[in-house]
Amino acid sequence: MIRVQREDFDVGAELDRLAAGRGSVGGLCAFVGLVRDMSEQRAISVIELEHYPSMTERALERIETQARARWPLDASVVIHRFGRLEPGDRIVLVGTASAHRHAAFEACEFIVDWLKTKAPFWKREHTDAGTRWVEARASDTAALAHWEQGEAAGHDPSNSTRGARKKAAE
Amino acid sequence: MIRVQREDFDVGAELDRLAAGRGSVGGLCAFVGLVRDMSEQRAISVIELEHYPSMTERALERIETQARARWPLDASVVIHRFGRLEPGDRIVLVGTASAHRHAAFEACEFIVDWLKTKAPFWKREHTDAGTRWVEARASDTAALAHWEQGEAAGHDPSNSTRGARKKAAE
Amino acid sequence: MKIVCFAWLREKAGVSEDTVSPPDTVNDVRGLVEWLRAKDPGYADAFEDLSLVRIAVNQEYATLDARLAPGDEIAFFPPVTGG
Amino acid sequence: MKIVCFAWLREKAGVSEDTVSPPDTVNDVRGLVEWLRAKDPGYADAFEDLSLVRIAVNQEYATLDARLAPGDEIAFFPPVTGG
């Protein structure tokens, strides 16, 4: 389930909804992104999140579909806010439900990594030193690349984080 | 923060508490474990969770301390219930807060993997075919072993999941 | 064709939405970018460093080589910073 | 010494908490297990396959080789299944 909205959301209620009526769900994983209070030593008073409406929902739906093809999820939710937000405010929720906890964790982090590098949102920060558009971070692109390498290795869900971690340790 | 209790907990409120007053927190990761409705093709009516009270809190505190030494966490919470639970009920909450989302994800999954193999709780399932003590799964022990391999590689937080995944892909 | 711009690209171009009718020789994104640059100093400023520009055609990520057809919606924006 | 047992080990041993005073020759967990086995058929049943038995001494995981002192609390239980 995808939502792009100006309003806040209720994390507990959204997670309850993921599991409701699905008795096979053994675990939920959730990520909540928040507005931080500092940016490069400056206090943030407010941020604005601009987005590309007609592309956003389509993009989020695609990534949710990919995650559900790649991991055995019973349900998932992605909610991303736009507009004016203050430090401490929730920006994004990604939730995944699965019989298998590791699938829930991996799929959730995959979606978050994807959002950070592909979802058409842009942050502008207001501080006492003025406003600036936040610059994309190379580390976010690198994070997503790891999942794509995993994909190139054959779309085998077991051949992902945990499998790779094991191989590297051997 | 550690709690071992018979009562349910409020996931949204607990996550809010993790971030409250900590403006540097950019992301929260949470895992919620639920009672499933089936076990080996039998419908579960209720489960009982027995624990070893004097050891449990000590053990949970230790793992939380380890996670916080290993990853840059601003806050964390582990709540584990005991007693009589029904399908769909929450069993456990693990929540982590960090400026770095990957640290939040890794620390959360580390704590969950650890709980599954080390925290002194035992589940007894009641089904229409009688009651049985749930048997430990080898896959849970294997999951924890991966973190210990990472630890043997030198306690370097960057040398964990993502680093290993990258190495394996190279 | 419809052009849409976001974030600092929108500010530099001075354009949020624009409807343009380039000549038939403009048949890919690269051609469109060059045509816009020549036409308008705002676009020229926005497209000064193309390594900072991300492109979507009809709401899908695309490259400078993507072919264009009348009625397409072409979006220009900086690397995204949501999440 | 205090003995505590959990889950099916508690049921087989028929003991949840037990206070015992083994002879001085019992100075490690292995010795205690053998002594309990000989003393009581419930413990003998619980300890039939030691590969299924986990041990804690004073609320810390321990092995059969762990040394014991008077006043210790020794726990026996199956592999854990919480979480």
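Letters A, B, C and D name the chains as they come in the text, with residue numbers starting at 1 for each one.
Assume a residue touches a chain if its C-beta (ideal position, glycine included) is under 8 Å from a C-beta of that chain, and two chains touch if they have at least 3 such contacts.
Keep in mind it's a predicted model, so treat the numbers as computed, not measured.
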If subunit A were absent, into what connected groups would the remaining chains fall?
B, D | C
Count the smallest number of chain-to-chain hops linking subunit A with subunit D, moving only between touching chains.
2
Using mean C-alpha positions as chain centres, tell me how far subunit A is from subunit C in Å, no decimals.
27
Approximately how many whole Å separate the CA-defined centres of subunit A and subunit B?
20
Suppose each chain is reduced to the average of its Cα coordinates; what separation in Å results between subunit C and subunit D?
73
Name the residues of subunit A that each touch 2 or more other chains.
33, 112
Pairwise, which chains touch?
A-B, A-C, B-D
Would you tell me which residues of subunit D are touching subunit B in their complex?
4, 6-8, 56, 59-61, 73, 75, 77-83
Interface with subunit A, subunit B side, in the complex: residues 10-13, 15, 19-20, 23-34, 36-38, 87-88, 99, 101-102, 104-105, 108-109, 112, 143, 146, 149-150, 153, 160-169
Please name which positions on subunit B make contact with subunit D in the complex.
33, 49-52, 54-55, 58-59, 80, 91-92, 112, 115-124, 133-136, 140
